[in-house]
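For reference, the structures are reproduced in the following blocks.
Here come two complexes built around chain A, the first alongside chain B, the second alongside chain C.
And then the complex of A and B:
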């Protein structure tokens, strides 16, 4: 894969990160947060944001000195093909599970919103088609599309929030600390998975050139995603009181249904299909591209395009495995999200730490010195 | 029915031979390409080594009535014998078969000796009066005067004393002479001269400068290009008045040899951009090039994308503005449209008037154009999607109104809208092709079909008429003709997507549309810049219009040599007067 001519800007990278992270806002994330924290969802998000920023700070520090290398290169640097394979297997698991579950959930949501009588496979195909074309066109096209689409999605999100915030009740935030700050903190740790979207910069790192850019993208991207999630959770809690908030499968859809301004502006939830669906297609495109990039790079393939159709077919098939929406939601929130952070944060920190340690070993330094000579 | 006919139904009979027209291959096609190449090389060699033999070849070709076409790069040198040159020119220009080629034989007195000569030009392309007064008159009449000169060489003598015209060149090869004659020049051959004089005496009829047909403005210059290249380049020069403005001439077309002008400002435009445009132009191999529309298709990056990747304009002021920003323009002889490159998506929504009206107005107009384009692209698709999949979002009153209006319509919405859109396209196409005086009649018929009659016949619902009308008006509001065309085609795709999956289908369409657009490049510049990839000055000039005094830099994405358009404070009068400036003012008044 020729990386020399590709150059992805900071803004494009941040948009991809936000697309990967905040897509959950349109799925069951606000409900999941309400289940975990009651009325103190806002605090949970702040906790998670703080932890994820801290972890990313460590990751970017460990990454220093590896400019121009992505996670596959770093794995190779550490232990050659075996480590590369481990990285590949772990991350491909994330890609396949994450994309197929998200695909299924969004397809089910669309069925509920407007395509009631269409078969699920038919609805799913629309998302897969978008992701397929995006992956065929490559990371440059995906990143630029993100730079155009994410601001539009964000605008849609803000319009939604402004439209429903008037129906909120400040008393719904009480008790303000929910189940208690300490307990909440301890329970929040596995939920850090919701910020796993930062892994995109582990892939696009060679295209961003400098460590400073790498750091900026991660910090700004996570902060922006945190802001979106915070606003989303707070609005959901304000408008729909706990424990009713734990009952809705589609929190954003439920919020959109509440828009009611005069006789004309009612039932406008369908308009938000544009932002939800484009957010989902973008999410799938980025995630599938990560999988393709990792696979092609691990095995030294010159082109990844022949893999695109196969990857999309596998993800499409996997998305049809859960019996229905509740089972897809269950797999995602109870299994996938609970263990995702082990791969996206802990494994990455471990990998980078070992690389840094071995890099600083006298034998390695000698080797490098000999090479330089 | 007689038995013969009945029999012919069941039993095969050989069909009677009928006279059919078959386009026969000409003689040259039958020969193999290698043979023809060999022959050409042979002719060339013969011409160089033995002019006499070459002359025999020419005569034999003339005898066989086989046309002799010079191919580019042959560069056969002109021989000194007038007879041979005369024979050659007659063969090449099919004289006397060609009625508009004028060949005038005469004698010119050189050093008191009559020397035979001839002039050749194409009537209608060359200016007869200039040829008579400035070429033939000095050679035929003034050469009889006693000219005091020690020059003995014919070429130098004639050039110095008898050619009373400014734009004279000496051509050494036949192809150069033929090229000049074909482009309105006059060639003069003189016996004993191994070359020919070519005079630029172009004088063909052409359209005068008039208002641009497709880019009318209320405020701003009212001049448009015409079909004459030099007039067009002069119109741009007249505006820019910059000695760094370069106008390079490049001939395109093996046969047509159409002159094209590559224009750029040397100390602003990026060299790599200029080189790339030049490379693309020079690499074109075609026989004839008629219009800049063809040229556009030959140099654009992708032929399949719905939007154009070059800007075609017939306004000199617009070209001048683009050149001053660092873009490159290509003009073509015979076309009133100038191609400007690179183009970005935002520039498709710009009109030259944007610069001439105050910035709030131009921003408002740009917003209107963007909304118009969106309506033209999406409105029918959204209507189909809403009526088929998202009826809940319609307020009850509106829903009942739509249902009532569709009560008697037998077709589903998708059929109804496709009928109307197709009818609209039909009227639009017919309106362009139809002869002028019948145009208004067609408009009335179209309006009747689209409006009252279709509704009265219960073929379409009245609300659909509004949808189609707004869509049509929206597409006319897009300033770029090619972009509007792209939207017209894409609209049908969005209608189908809206019909099969509602807003989800339209979202998929938009997503793919965005992907294709961001993946597109125009001469190395991403098409969606400065939005994606994000460039410096994202909201200045390229997307929204900035205040004129605030446009300090040239577009970032063009990587110009000089990116400063004007100083940070270009309106010096806004700087507060310093205390000591009163003293300066006094001095100024004293000086006065």
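And then the complex of A and C:
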């Protein structure tokens, strides 16, 4: 993996970050937020965004002085192979769980929306195939594709919002604190996991060169993702009030189905299916690439392409493990999303803090270099 | 060199194979459904069954007739020929769909269904179980209209005989959208019904439909007898058949007389309720419209639901009030009694001026609800010929119209609270906005206290235009 020749711009990085976080908008995120907050989803999103921005601010401050290093390099700097292995295991768990659960849900979405007779393995295979090709082409191709596709997806999203907002009722946002401030601000804190997509810059950090770029990508990317999530949650709550908002499996699809402007402008949801499928493939590509990069770098592998098929096969198999769709949704919303923040925020802050504290210690690389000398 | 060429060739072949296989697979053969292999349901009816739980009636489009414009009289005379109707008894809606495919060659598609009609009997039991099923189904559109028929849903669907539309889907769309220019009907898409039924701050409504009691195909007893004989032919011996036909003719006559009596009775009830000798255009509800037309089906008024069960219904005037308070009202022609000559009328085209303003507060455990409506109107007719257009006299008809509208709105609100105990206008949602948390809102127990509501109605009407005549001159 020759990093020197790879250069990924700020916009491409932001697009990858947005692809990783806002894909949830097309899955059950608005519903999960409604479950956690009642009618106060918009407030919960703003609250979680504020906390995630604060945490990222701490992370980028701790990262200062480590320009050009990704999370594997920083782990190595702190504790050599053992810390690298811990980082690898934790992040691979995120990659495998996140990608397999998302893959299963998107495939099931497609089955429910349009391909309801096709076998689930057949539908899943197409998403895996798309991600596989993207990963074979590498991070540069993925980032360029993100820069092209994310604006299209964003445009589709805005059209959807504009089309259904007229059906909204402002009273659906009441009561203002939804299911109560305690549940909203304390018990829903683990929901910060929805902003975990920022981890992409912990991988692409060497390609963004400067600390300033690192900071910009994180802050702008999180803000853009927060905006998309905020708008989608507000629109969903305005159009479909609580408690019915907790019932729809695919909130965005449900909204799209409600577009009806006369006899000619209706049944537009099929147009949005294209953007959702693109978004899913992009999400899987970025997430699987993170897994490949971490694995290859931890074990010092020169090439990662042979791993692509193995990774995709494992993810494909894992995606078929949940017995049914409700099980997959339950694992994602009640287990994965509840504990994800421990790895993506707490562990990263811990790792970077320790690196900052022990910055005066000679790094493992330097030690090894000295031995070789 | 040769090895390299072979490798390159192999790569190209593999790439080509992936490309071809991928493309073929993406055609979606698994899920392909050709348009001409589907039978499109336009409307669906649900009645109580005898053999099984429910009897489901499907009105299916006959695409060849729709496309060619062939109607009853040929050359696009009507739309009833462009559909075919079938009924089947089944435990659920979906099992009825399953059963129907055993005798209809095409696969049933609900993607173009425009209305789902429930009989009053079913609606009074519990509608939520069917609404849940329909809301879960991918093929049902969220804007399919919920209709409650005072007669059997099957009879209603069978009597839908559009004369101006060949396309049955367009017929339902246009008919059910007429609320935007009459006010005596309202919209009731299934998504709204589902949401309102699940909410504790509002209750759902459905479009009220029925077969007209007066309107009938004026056939002589001989014609009825002849038709019945044709129906019976081949099943019974001729003599016996004749007797049966006679009996059938008599029973139809009896049925007709009963309907006429019932019609008179209902009209009498309305006159008492409204305290009017002659009824206005907005006083009727589906089934009793005094009219004569081949198509017996009509939609007018609303069915009101409480906890998923039909609690009662609204007539045209109450439906106008509902639309005005909900903000769904656009405009309608309304007749009022002349303030100076009591046996004459003046007619206004009453339009919405501003969105309705609603305030809700709870005082001594009882909801206190303020409703403020701002309307404007154009003069359509002044039968007395008095010069009410004169700015000094204009207030006379403004006041008369205001008083009349205020009275029927108050009567409507009292009916929804005291009689039906169903908050169909969604005042609860306004109260909900005054609460900070769901717990606070649930503690209010809105569903039970709404019946004790006190209403303060304020109606303002401003007449803006007198039509093409600027003043009335007696002479």
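Simple rule for what comes next: the second predicted complex is superposed on the first by the 355 of 373 C-alpha atoms of A that agree within 3 Å, B and C clash if a C-alpha of one lies under 4 Å from a C-alpha of the other, contacts with A are read in each partner's own complex, and residues count from 1 in each chain.
Methods note: a contact is a pair of C-beta atoms (placed from the backbone, for glycine too) under 8 Å apart; a residue touches a chain by one contact, two chains touch by 3 or more.
In this text, all values refer to a predicted model and were calculated from it rather than measured experimentally.
In the overlay built on the shared chain, the residue A:349 is in contact with neither chain B nor chain C.
Using the contact criterion defined above for the overlaid structures, shared-chain residue A:240 touches chain C, although it does not reach chain B.
Look at A:69: by the touch rule set out above, it reaches neither chain B nor chain C. Using the contact criterion defined above for the overlaid structures, shared-chain residue A:159 touches neither chain B nor chain C, since it reaches no partner.
Of the two partner chains, both chain B and chain C are touched by A:263. When the two structures are aligned on the shared chain, A:145 is found in touch with chain B, with no touch to chain C. Of the two partner chains, neither chain B nor chain C is touched by A:58. Within the superposed three-chain model, A:277 lies in touch with chain B and out of touch with chain C [touch as defined at top]. With both structures placed on the common chain, the touch criterion links A:115 to chain B and to chain C.
Residue overlap on chain A between its contacts with chain B in one complex and with chain C in the other: 114-115, 118, 126, 129, 263, 266-267. Those residues of chain B that touch chain A in the shared complex are 386, 389-390, 392-393, 395-397, 501-508, 510-512, 514-516, 518-519, 526, 528, 531-534. Put simply, chain A touches chain B in their complex at residues 8-9, 11-12, 110, 114-115, 118, 123, 126-127, 129-130, 133-134, 137-138, 140-145, 147-149, 263-264, 266-271, 273-274, 277-278, 281-282. Taken in their complex, chain C has these residues touching chain A: 22, 25-26, 28, 30-31, 138, 141-143, 170, 173, 191, 194-195, 198-199, 426, 429-430, 432-441. Within the complex formed with chain C, the chain A residues making contact are 38-39, 112-119, 122, 126, 129, 169, 171-172, 174-181, 240-244, 247, 254, 257-258, 260, 263, 266-267.
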